[in-house]
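Dumping the structure here so I can ask a few things about it.
We just call them A, B and C in the order they show up, numbering each chain from 1.
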């Protein structure tokens, strides 16, 4: 592991001058932070062996534009779209139809005042002292997206950022960064979509997202991990919520060799609200790991968090949901629910909902379950003539669909629903075939 | 029994009662009516001694003692009972346990022995019956999962058990259907006696069809602006509060 | 930790030793420090057979390689294990207080509140009077009754001599010598403790209690308990009592092992009320305990605990559900006040088919205390049809305390069901107001609400224990409501 740390530090970006100091600070931090082992509490259930085993420490070639058309597109999104292929911007696939109140700029294209604005926020939300891979992202940073929504602006079009990896990125490292600043009373929707074109490919993606919501700002955020089998993806979403700001975030992981997401939400101003939902569906030999941490540092904020997962085959899911209520965060209302269905004898789920509370006038609860489909419901469906396998698929889908139905953005919902449904159908076919 | 003189009181920083006076003698039933926000509920809580309800001027004499000097529980033990408009739920603490503890606290205050458990059980069942509450309620947590009407009847049942000298009923009638209202009214009427006074705080004249008050007062802007007998309530029902506030102004 | 604090702790530990040293100049007290010679000395003093000494030495060698765990949610100055004395002979009558007049009045006040009879007060306070003999004679009567039923209830030192085969077979079979830092230390230097064996099919005719323990009283610091319930037997064991015991040892590292063979049942209840330190958080006992039981087919182990004492508690009574259809239960009330810290919970390891476990944990934090629940539920791959239900509630009294929940849930079996729920609430002003309006004073009201909060656990305690536990909470919460 020490070798990996050393080699990763030696991989330097063909960077931007104005980011050089930032890269350097990241590199220093990466080098001094011990590489996690299974004894590191935050990595207790997830091994990084695959990362150390692979030789991912090369940059992909600039072959981004070679994709002749958009793949895995979300239909009807009508978005400002930024498409990256293997970490490289694909101009021909992208479009920008945004009003003036919104700025979207790639780091490599940023003018001087934008550079200043980026440097002022970059790394101030994602704490690279606590998050090792954020430090690595800092050190590798050469391209990213900066989104700025001006005060009171209400952007109807979603801002869509799609990262595609192709077989050309096999055994490469892809470093990605998104920095969003929504000014006070502004509203926006951001869709982050990760996909890959072919099953066999493998690469290591390290993606960090930083979201700054000023007073009374509202952001709807989607974070979709829809990559194929062999990919490794470690990343984080880090959020600062100022007074009365509202974040509604939805995360989905279909599972891959390793998908690890650290979500950190800092309630920094009174009256802020965080709605955080997520779905994970690992099977085959996938590992999906969500570590969420909600920091309530001030009074009168609310958090509502729901994660659900179905784990099949040799899949493994890790969920760690921490809610931390600081001493002065009175009148906090926070709840967390994590429900899991385990559908195979070789699958595994490890969940740890945590409450750490230092204020007394709060209402907090969490619940976690690992269970099967309800026998009563299966029986009911069977009694109406549905066969057992089909009934199981229907109920499994329903268990996930409860969260999909809540998605506010219709095109995203319409894109994901058949995707999930298809996944269960495949399972159904397999069950049929083996029966 | 209760003599309120020129009482002023704040809730938090805001003055709600602005020089209220009221005389209540043993054996009497008083009804206090008034528009929303006139200070009706505040009066009940100031008398009960709720935190943040602070008397700033005037006096309240309760059976020759200065009521405002006493703690909440002392007032209760001296015989003041407030039936809450919104009784709080206390999960895990059974009604029975709660009531026995309260009854014993009052008895101790009066220099009596704690009540025998079996005897108390019998008594509690009897009172439940009187307010048409299944005695299963005794085993449940205090007000836990009770419907609105059940909570109100539970308050009345407690009042019967504690046998207070002065009963203040804060909108005990609101939200009740006519059957429940009659049960409550019967209960209150049964409590009427020569050495007990009852103050009904209500928004609706309807209650007074079933409990006949000796006096009716109109509370508005933190003062009693008009007093009369039952006919005043009927007049209010007919004309609303507007004419009085105008007349007084 | 500042140097000053370190000095203070050192001093505290040193004083402890000095007091012990002076009181028994001519007796067998060892100077502080721990090495193999010390272990040989302890073993020799007890006249232990060779195998027992080897067992201890092996544990000691393991311990030397281990480091003190730091993952618990507690902060305390490091214990200097070389500054402790690992063997001191029991105090002679001459050193004990001559009468209750010499005992700390604060302690007596507490006894009074708990309603403890005078002669028991004397025993608890360690007064050197004949009154203690009452309970000894009671104990003797008990002993003959137990003998009739074939139950063995003696000190573990006695068992090493009398029942070596049982001890050899089971000691360390549930908590291995190198299980964890404190268990290894205990295995090396354990002073004494209880041994219980219930023969096949026997229902132990009475509740066994450390309160009436026959063996030597001075066993507190490194206590070792081993309970074996043979096939189809039943035993209920009570540990501790509600009254605070006088105790000079700052560090306690006990080990309790329970073995429930096929169809057997063990019910183990604890009330722990050791000195928690003063209102400023000075002093108090560090309680680092390892308690674990193993259930064979159809067996059941039930842990019930009410914990109000100690400055720092680190304790996770656990059940390994090895046999099919076995049942594990954990009912706990942990109350912390002032500057106390508790990191406590349980582990339920489901290995057998159709195993069941229930966890009910109630944490109450007041003052500036920190109270953490830490639990593990593991469904292993062959735990077909296993079930767990966990409910974990915290109650906060005052805005300077903390309540934390760290449940670890691991499942590898698709037919296993795990449910975990946790809530945090406070005693609300509205609840207090309602109670006060009905004539209860604030402290009584809080105690009523707290008792209601703990009801599910208290009902698992033996009757008279439950009543005492209620009173105990009341006393422990004194002064926590403004």
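Quick notes on this one:
Everything that follows uses one rule, which is that contacts are C-beta pairs under 8 Å (C-beta built on N, C-alpha and C of every residue); 3 or more make two chains touch, one makes a residue touch a chain.
A quick note: this is a predicted structure, and the numbers were derived from the prediction, not measured.
Taken as a graph of touching chains, this assembly is arranged as a line, each chain contacting the next along an open chain of partners.
Relative to the centroid of every protein C-alpha atom shown, the closest chain centre, again from C-alpha atoms, is found for C.
The interface with the greater count of contacting C-beta pairs, when A-C is set against B-C, is A-C. Our note on geometry: chain A versus chain B, Cα centroid distance of 56 Å, whole angstroms. A straight line joining the Cα centres of chain A and chain C is 44 Å long. Taking each chain's centre as the mean of its C-alpha atoms, chain B lies 49 Å from chain C.
Partner chain C is touched in their complex by these residues of chain B: 48-51, 71-73, 75-77, 81-82, 84, 87-88, 90-94, 97-98, 101-102, 105-106, 109, 141-142, 158, 162.
By the touch criterion stated above, chain C contacts chain A in their complex at residues 71, 379, 381, 394, 396-426. Across the complex, chain A meets chain C through its residues 41, 45, 327, 330, 340, 342-345, 347-372. Of all residues in chain C, those touching chain B in their complex are 428-431, 433-442, 444, 448-449, 451-455.
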